[in-house]
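Below, chain A partners chain B and then partners chain C, in two separate complexes.
On to the complex of A and B.
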């Protein structure tokens, strides 16, 4: 009971913090609470959210995967190379990028399962291997050219707002909505999702129950790979460039968002809602620092402080709760 | 009656070593069957054969409800209705009670049917008259209730035979009674319960039949009515145990610890007693009597609201247990696995963990020679049987691990040694060994405070007994002037 309330407390706390900071920002900066800013914010943080969804599932299962920036880059690099000159559409882009990401994820799962080495070590290694191979094979060359259909992008329900700009459901937003719904559905409504929670809570018990641990690992790391591929398409569509080293160090940003959302790094605990709130909080803070003109050197410091504060507040309120019960 | 399962000519050899030798055993529907035996007698191997984890050596016969099995896989075993509840319960702490009970549903379905899972969990719980919050997370429940969840989970999978490995090891006496009641219910439903336990009295209380294993062989299967505590101990170990109270201390030593009117709100009230050098003072009482809470304060882990603690005549105020250790108080916790020892660390490191600050060379490095001396002295003094001091503690049996836990505190040369439930999870032969150690320590002048909820433990192994109830001391008894039954009556109030 306590833990359950704890999780909810955490989400409530995140929500309040977001409202508080948002409130301050809309007072401090005229640009914050504008349609344009919020719209850009969602578009720009779609990739982070998609990756966070994948990492959320891996963490719940009791593992960790930090090789996803490499998978994201490789998948989109290959995808962009292959679609040159085609008259395809985004389904093709997603299939190529997602498929390759999935494949790389399955490699992670197989290594984690067969080598019986902690997943953090495996994925640090594969992060380096994937990156290294990509840099070697591409010689670090950036890609700029895209087919016309890709550059055009997607925009559903397009309208022009009073500020003169066009808004609508862009590719990042559509992808974001699909991924979030899919992740929520898997983790809450399907048996495999609940089994992933169970495995993260007590792996030994899961294996005694006869759960196929390897199958579940294939699913979890495969899903992370798939999300990396999908995020790759979104990144490409947003910046229309593939820079092999553009996501260096990005794994910690995503990990920060998921952990900020209350997901335990030892597995079993956390909610998708928390993860999303973690991403939102991170986004709002970074956006706020930009808008209020704080030197970019401070951004990482502030992010770090917010994570420590938030996590310790939750731990503290949980301990207090337990004390009251005992 | 047709047996639920009959096992014939079961042998199991591991790398040339016979773990089981020609076991013949039948388990009947609706019986409570106890598997008794010391550590390493082959109980766990036999359980793993019944649950299909191990395959016995060729030539075996296994039949479940008359149907012979040439090979019994774990899945066959579950399908036939065999469920094992391991000592660690194997629950999912992060999931709710309902989801834990209905977890097997996830095997059969693609999508989660929360309502169906709740319905199954509710029905199962009702069938054994248990009332737990279906939506509570399992990690918020006390051990006794988690056990109920584990039993319900077994029942929800249509168990016909439930094997419980050491189900009472971490329960208080009161909780054991609750568990025994549930087992009685299962029996009425014609479910066979196999019970593995070290606590002989509860084995005798609950079982219909008892099978005794020793060194991989079945000594025999006996109706519980033909057997008593003494005989069972003899069958298990081949040794006679003396049941005599400790002789009174020849000459009473100085007062080592004096406690006067110690009070902590809602935990204990107005506690006063004296503990002499060389004396073993037992404190016993039911769950919630405040025994452990009192110890925690004596060891500086919690602060009393009022009252005084005097160590060798001087008032002490412990800000933390560090101060208590410095002053010469050792505390062997009741939970060896989580707070008593660091199970993954070596025997050597566990033993010196309390005295690291005294083992410094002039360059403030660890003085290996001195540490090796301390460790080897203690291992000899407590006759701990180990291969090497560098092995992790989790490779030891309960009895030897407990000796390491005691050794760790002897290293500080304690004036007062507090032992909280010193024989939890220790089998009978090793129990006797631990009692010998305790009594030897007291003869060396250490003042021993032994907390226990086993009445015989208090009665046969102390010089003086204090009984606590609802946080207060309600009686002080001398074993030689009372009887075990009289003590039990005082404890149960």
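On to the complex of A and C.
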């Protein structure tokens, strides 16, 4: 019971912070609360949200994966190379990119399970292997050419608003909605979701209850890989280029968003709603700094302060809740 | 006892690996590998990585990790660079440079230590957050550009040879000896290993684990000051983005040197051997013209392979033979 209230409090707090900052921004900048700005914001943060959903599940299971930026780039690089000149559609793109991501995720799962060292060490290693091989094989060459159907993108329920721009359900937004619903369904409505929570809460107990730990690790890291592949398609569709080194260091931004949402890094605790609020908070802060014309030198400082404050508050409340020793 | 045996095995494996690498390069590139230029290049690169790896290792020994070592090094480097370029090169400003660097490190180390030991933030998150914050501050105060052209008393560190040995290497050896004494001969060191093995039991044994943890992160940060000095002397500049590739390699060197990623075990001697192995490999591959991307992948592969070998499989293999 105590835990549940604690989590709810965190989400309430995040929500209030977002409303407070949003309120200030709509007062300080005429551009913030416009359809155009919010629409761009959702499109631009779709990839981050998708990756955050994958990482959220890994963290709940008690693991961590920081190799996903490499998986994202590899999947989309291969996908974009393969679809050249084809008359396929986005289903093909998702299948190729997601499939490859899934495969790389399963490699991570196998290594984490077999080598029995903290998953951060394993995924730091695979991050280097994946990136090193990718940069070597591609010689760092960017990809610019896409088939016509890919460049065209997808736009459902298209309409032209009063400001003269077109709006509708773009590919990033559709993907975002599907991924969030799927992740929410898995974690809240299925038994595997409950087992992932249990494994993160107490791995030994979960194992003794007869949960197949390896199978669950395959699911968790595989899902992270799949999300990386999916995020790769979204990134490609948004920027229409693949730069092999474009996501270097991105793992920390995603991790920051998930942790900001109150997900515990030792596993077992956190909600998808919290994660989404964490992403929104990060997005609103970064957008706000841009809109109010704060020097870009300040951006990382502000992000750092927000992260440190948030993790400290989460840790402090959990520490009290547990009545922890030491 | 069994831990001790594992430790001995680590050193045997490392000696074998070093022998393999030396023999391989002696055949592949005999004239260049055994040249004094190659030894000079190894000697100039190893100290910085070595000190950073030790800064990483002391925290891993307690079961933690310090992802902010590079950001700490750059923060201390920038502060020292600012002092060094703003005051005339006298003895007092030399001391001021050191004091500024140390003060910065102690502040950073105390904040990290406080977050981990008192607020109970997990070490990964605490140091990740501090890393982001420090990076931001580093970029903010330096406006992304470098501070360069230091007085001679900083540059002299890199250019001096004592009895034919480069001074940075001697600095590194001094750090190694000091750390060996701290970790393996002092009560403080005992406590570090105990916390890494079982923090709660250590706490119940009446040891102030909070205080020790805070000191460990201060020690880690102070080591970053030494790395910063070596870096400044070598490059004649300080910048917010220097040395970022060292982060993974320092974890690699620590784990390769026998430091248990879960904490509790690991010796300074093994780490020195691992550093020699890594630097020889990097230098040799570089001479061979192997792409640095392949080297990057190789570091990851080497770490996984080593963790794999350290597991049960190889020990069984050894017993049979």
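Observations on the model:
Here is the rule we go by: the second predicted complex is superposed on the first by the 310 of 326 C-alpha atoms of A that agree within 3 Å, B and C clash if a C-alpha of one lies under 4 Å from a C-alpha of the other, contacts with A are read in each partner's own complex, and residues count from 1 in each chain.
One rule holds in what follows: a residue touches a chain if its C-beta (ideal position, glycine included) is under 8 Å from a C-beta of that chain, and two chains touch if they have at least 3 such contacts.
Remember, it's a predicted structure, so these values are computed and weren't measured experimentally.
Because the two structures share chain A, they can be overlaid on it, and in that overlay chain B clashes with chain C. Once the two complexes are laid over each other on the shared chain, residue contacts for A:204 go to chain B alone; chain C is not touched. In the superposition on chain A, contact of A:118 is made with chain C only, not with chain B.
In the superposition on chain A, contact is made by A:312 with chain C only, not with chain B. When the two complexes are overlaid on their common chain A, residue A:194 makes contact with chain B while staying clear of chain C. Taking chain A as the reference chain, the count of touched residues is higher for C when chain B and chain C are set side by side.
With both structures placed on the common chain, the touch criterion links A:87 to neither chain B nor chain C. Contact with chain B, but none with chain C, is seen for A:269 once the two complexes are overlaid on the shared chain. Shared interface residues of chain A (contacting chain B in one complex, chain C in the other): 325.
Chain C contributes residues 65, 115, 119-122, 124-126, 128-137, 139-140, 143-144, 199-200, 203-204, 209-210, 248, 251-252, 255, 261-262, 291, 293-301, 303-304, 307-308, 311 to its touches with chain A in the complex.
Those residues of chain A that touch chain C in the complex are listed here as 64, 111, 114-118, 120-122, 124-129, 131-133, 135-136, 252, 255-256, 259, 265-266, 297-305, 307-308, 311-312, 315-316, 318-319, 324-326.
Taken together, the chain A residues at the contact with chain B in this complex read 1-4, 188-195, 197-198, 200-202, 204-206, 208-211, 268-269, 325. On the chain B side of its complex with chain A, the touching residues are 74-75, 78, 86, 88, 90-96, 99, 103-107, 109-112, 133, 135-137, 139-140.
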